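Sending over a structure as structure tokens; questions will come in a sec.
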């Protein structure tokens, strides 16, 4: 049974280590804040100028001057700092963010990421993603394994315009967790009810399957 | 520095074909009063440098829907259907620039830096035909500073000298836009006297602001 | 982020031959406690990036007199006789860089910008043998970003997460130095709890600070 | 009779227009604050991170955290703002300063300025001067007309290492005021007791002398 969006977010939360500064993309990544294990000191960055983002604002308690990068009303955690977009991207570009968790349209076995446009059809824009993919120390992608047509989003080469080349370290989908390695795409974990063969059948690159997942 | 009491007069000189730097990220930090004045004035063929060209029916989204904008330099169109529609229909010209690159290009413009290198966009379509250079074995793009004849910014408080303070995530692009405008027009929720702001807490020093106007927050501030 | 209670331990890892970014302008914003600890430790052959290498008998001037500094990247030696003497006698290596260029090179280092162009120094001896480029008919120098293994900064208040606030002209080079240090050590006059600082008033966000230590202001703060 | 340092500063204060943002160098330039005509709104920038510098701090009232670019204890005027050196030089480099009044060792008829070192003898360093000379909209130099050996400091070409090329608009010395123009060095004003011929005799470039100063 595929992981739900919440379960993907929960799984992604395990990527966060104590003391990390983390940037979360729009969509499933934003939900990661809900699953942070207690006892870890983690600071979330919102690239519109907030370090120390708290949970989403409760209905009726929104501050109309306080949004996250997804333009949703948010809150501040104790120890938050506010600053300009230039400072925010100085942080990102300068390698100060330990981890960015981003959504994707396509990911390739070489770590290429496409997540900002389908030419002639859909253009969201790259927002801060092109800065984040090269700036953050580690990029984890969370997404559905296949698109709405049932086609795999895990490819040998991306077909869509890239956000960045060779930037992704780990892919967490609704069906599996995979790592981009020098040897190829390594299967790391399976969602309940999926076999390695199931994942291979919906994944273009040939997976490296460790013995314990065979 | 001039203090204005009418948004109409505060935008004096912004005419058809003007290029504007406009602060704001999503609904926050947007100079709604000045934008409304531009709508009322009916200026056309504007080129706008702004992270996301407002929202549907809000901020710059109003000028976009009213077909007053010819070109937008921005990083994001998502969640703004009219903007996406005009773009795909080629009714508005769009130059997509990574968000950090817009922020830094505008900062560079205001700071007298004609060009700098950034890694954002390397190996992607935005690098096509562009000058690149290797540093430490990695490819970087040459990006140029951006200035414009006018900058429209929004602050929480401003004093009569032009010092500005932002609230929460209302800072976003406003400080860089303010510095990069030849004429910078600041819309503030509260105009205070010179000396009322704490020097350590000023976010945009007065030197960057040429015009200021108080425009009390209304429901237009809420999506 | 680690909170230290001993300056001795706070400078752990700074050994002979280290390169240090050090905040401060004249007597203000100087991490005197950390510098004293470096003197006591007796580390040698330091390369220091700092606007003016302290004052006679104050701040970095102490390390200079004690012959612990091999090289200084700075903009100004004036009013510091021992520094001028060592420089003219070739006892210390000095790389003179315009003040705005130091500030921007360090900012660029912390901001992931490998290089940028500035007009400062064009047509002067500091441009000799350097890469230049014309923009709008004027000559600019290519300048590179600067980082270092350690940054020593001084703030007025800091919280246990590493957020810093400066007072009066104590900010100067400290925010850029903090961002450009791989390990940034902040000496603060007052260490406060997380949540005690107002988010809009934070000057250096916690992400840039790896170690923090409270060091109460004493007479060493006064020239 | 030559102008005193205070009189030079007073004369330089006339260069400041209402609404100006002004940077003052170390030495005589700093004294200009004392002669500001009332009724003008002027903001002084100190490049160590202060906009809105007030008069020098009174003895006993110094704030040890508040110095000017000359490292002297200073004060803040109402409406002051404090910021980093990067922001300060963004202001300077970005052309936001209307006027900078600087000292000099040598000035040439082509506007070249030397004010930071005498090779092998004296090195102060350029401080912020190399940024200021290209960044400020107008550069006015204040200095003694001759050095301590009696040699002129107003030259056809500077002999010392330059701070900037073709940057000076006006020179105010203890004996005269001169403008750098496309046609050459124009005599603008004389200190009491000096004739145009007196100034020419202690000035290397041939002066353009307007009729009223003949």
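The first chain written gets the first letter, and so on, giving A, B, C and D; residue counts start at 1 in each chain.
The definition used in the following text is that a residue touches a chain if its C-beta (ideal position, glycine included) is under 8 Å from a C-beta of that chain, and two chains touch if they have at least 3 such contacts.
Being a predicted model, the structure only gives us computed values, none of them experimental.
Trainee: Among the remaining chains, which ones contact both chain C and chain D?
Mentor: B
Trainee: In angstrom, rounded to a whole number, how far apart do the mean CA points of chain B and chain C lie?
Mentor: A distance of 33 Å separates the two centres.
Trainee: Could you tell me the distance, in whole angstrom, between the mean C-alpha positions of chain A and chain C?
Mentor: That pair's centroid distance is 36 Å.
Trainee: Counting only Cα atoms for the centres, state how far chain A is from chain D in Å.
Mentor: Taking the average C-alpha coordinate of chain A and of chain D, the gap between them is 55 Å.
Trainee: Among all residues of chain A, which ones touch two or more of the remaining chains?
Mentor: 50, 76, 82-83, 89-90, 92-93, 135
Trainee: For chain C, give me the residues that contact two or more of the other chains.
Mentor: Residues 104, 107, 111-113, 118-119, 166-168, 171, 199-200, 203.
Trainee: Every touching chain pair, please?
Mentor: Touch list across chains, by label: A-B, A-C, B-C, B-D, C-D.
Trainee: So in the complex, the part of chain D that touches chain B is made up of which residues?
Mentor: 19, 21, 41, 43, 45, 50-52, 76, 78-83, 87, 89-97, 135
Trainee: Residues of chain C touching chain B in their complex?
Mentor: Listed in rising order, the residues are 104, 108, 111-119, 133, 135-136, 140, 165-168, 171, 199-201, 203.
Trainee: Across the complex, what residues on chain C touch chain D?
Mentor: Touching chain D: residues 25-29, 51-52, 55, 74-79, 84, 87-88, 94, 96, 98-104, 106-107, 118-126, 156, 166-176, 203, 221-223 of chain C.
Trainee: Using the touch definition up top, name the residues of chain A that touch chain B in the complex.
Mentor: 26, 46-50, 63-67, 71, 76, 82-86, 88-90, 92-93, 120-131, 134-135, 161-165
Trainee: Quick one: which bits of chain B touch chain D in the complex? Just the residue numbers, please.
Mentor: Chain B reaches chain D through residues 1, 107, 109-113, 159-161, 163, 179, 194-195, 197, 199-200, 202, 205-208.
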